[in-house]
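Consider the two complexes below, in which chain A is the common component and chain B and chain C are the respective partners.
Up next is the complex of A and B:
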């Protein structure tokens, strides 16, 4: 897979979220991070009980997903997280690596900006920080950039069939999320817990 | 059940037993000196899955996810670590009504030498109160089992976070 950020095709978060969710056949859990990450998850399939839409705890999509994965080792769990969000909680990559959470995959949507607050650049973008390299240096060996849509599919397939933890970095465009998630945390918690109670 | 002869007699053994009695298996923590005997006992007991996190917020996220997926958990930290949590608590376990347990060893009072710890300690109870998070301060060994068990039980019954504060009166505090 792709090791560096050179020659990465810029993709679209909404399209790839749809692609990811459509390919999930075994009640995989998907935790959508703050803002656009969960708006596009909502847009991909709002009827899916295994989706969890995080509200305001920026940076906690991967830790929440890790908790689900630890509680249910047979279920595959995805976190969809923005680059700015992950920057807030980089230490979680070491925690995930230390616990060697086999059934966890963190997808990082990297557009280099805080899109939802007005498109300000992240310090990581200004410094050309490589988030996948950080994941690898944190101890997550299965961390790679997806060079294009086909490689994204291949990396997701790998995350579904091999031991993780996995990190998939995706360079995305600056398009805002189009589908605002309902702000109904109790309903989301109830539907997610009901879905998690069903066997994989 | 344990018999009277071999009943646990330390605060940390009592707390560990209360967690087991309520099927709280996941323990995430940011290390703390006062909590050391509790954490050591938990690590030595295969009933628990226990590990350190880089930040308290992260630990709250992990326990929230695990609890929603059927594994009960607790976050352990010291007072200054708790003070990093208001946004994570308000927007995650409180907003979603997920019973995340917290155990905080209290620093900053009764002989604190560090001014920063003394000041941040005063923020803890107002933060908990402002979010309606039930908290009890454990000060006495004879009340510890009842307080721990009932607080944990109520958190799960009412689906609301709860916090047990370990007072220096009980733990002896930081030497």
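Up next is the complex of A and C:
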């Protein structure tokens, strides 16, 4: 587990999303946040029914994932959220901590920019805000930066096998999303709910 | 009529908070998301005392829209309790209900509505119904105690039968203009 943002290896969101999804074996739910987070989730496996793609409502991937996690306590639920998105909804970290949502893991892709709108820097990047430290200070003890791909795998394994809530911070490069999610929100909801109706 | 009625909190004997709780049970509501409001305090206590209802206290009403969405995606029914000022906080997020056709019933206690004393509550209180409707929400008002339960029942039914955002606005005339320190 890595405590500071010094010496963090800069990774790639598309590659790590693929790595995460490929390792899920128990119908875990994955909620992809606005923009590149859900585009790369789509790219990782668009046939996977347990993926949900949030097209708008910036900042709500983690609270949506929390709602799913509360409704389905036996299923592990992941939210994939950008740093800029999480900044819009930092209070949700306290909400998640207060509810002690054991089966929830929030992955934060941190590139310090609003990539999809032209790569403008976030205020958090300018201020050197540490999002994982915020998560811990919000009451989420299991919050850590992934120093490299191997540590990312280890933190995901921990999130799959131990009580959360968990937060995994990942420093990523500035590559745009490689795919574009289809634009059919009704279909996302229907296929996701069908998948959620299957037992874990 | 009681000349000071406008200054009073809901009568402790008022039946409607318990009637709303009964409706939540009848409709098998399993998650209640809320930003606290004095007008809902008794209902909140009832929900907190119920092990079959998961109460999530939010940091902002936006989170509540997400929780309704997540609960529905996960197979549970949820409602959002908030004050009219909170409606302004979550307007953009109501897109979720429309694009995914997810039921989102909201029970809103009004401020800035009838005999309000705080000027800061007036603009949003006056706009609450208009902005909800501008975002496609089916809005019904309840301005008498006996109207509340049937209106809330209709709001919950409309949401879960027709898959859209719905709201009951509980008027300040019923709640009382001031409720501070009173249950």
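Methods note: the second predicted complex is superposed on the first by the 200 of 200 C-alpha atoms of A that agree within 3 Å, B and C clash if a C-alpha of one lies under 4 Å from a C-alpha of the other, contacts with A are read in each partner's own complex, and residues count from 1 in each chain.
What we mean here is this: contacts are C-beta pairs under 8 Å (C-beta built on N, C-alpha and C of every residue); 3 or more make two chains touch, one makes a residue touch a chain.
Just so it is clear, the structure is predicted and the values come from calculations on it, not from any experiment.
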{"item": "Clash-or-fit label for the pair chain B, chain C on chain A", "value": "clash"}
{"item": "Partner chain(s) touched by A:197 [first = chain B, second = chain C, both, neither]", "value": "both"}
{"item": "Touching partner for A:91 - first (chain B), second (chain C), both, neither", "value": "both"}
{"item": "Touched partner set for A:59, first chain B, second chain C, both or neither", "value": "both"}
{"item": "Which of chain B and chain C A:70 touches, first, second, both or neither", "value": "both"}
{"item": "First, second, both or neither for A:179, with chain B first and chain C second", "value": "neither"}
{"item": "First (chain B), second (chain C), both or neither touched by A:188", "value": "both"}
{"item": "On chain A, positions contacted by chain B and by chain C", "value": "29, 31, 52, 54-57, 59-60, 63-72, 75, 89, 91-92, 94-95, 98-99, 185-186, 188-189, 192-193, 196-197"}
{"item": "Of chain C, residues touching chain A in the complex", "value": "30-31, 54, 56-60, 62-63, 65-76, 78, 92-93, 95-96, 99-102"}
{"item": "For the chain A and chain C complex, residues of the former touching the latter", "value": "29, 31, 52, 54-57, 59-60, 63-72, 75, 89, 91-92, 94-95, 98-99, 185-186, 188-189, 192-193, 196-197"}
{"item": "Chain B contact footprint on chain A (complex, rising order)", "value": "29, 31, 52, 54-57, 59-60, 62-72, 75, 89, 91-92, 94-95, 98-99, 185-186, 188-189, 192-193, 196-197"}
{"item": "Chain B - residues contacting chain A, complex", "value": "26, 49, 51-55, 57-71, 73, 87-88, 90-92, 95-98"}
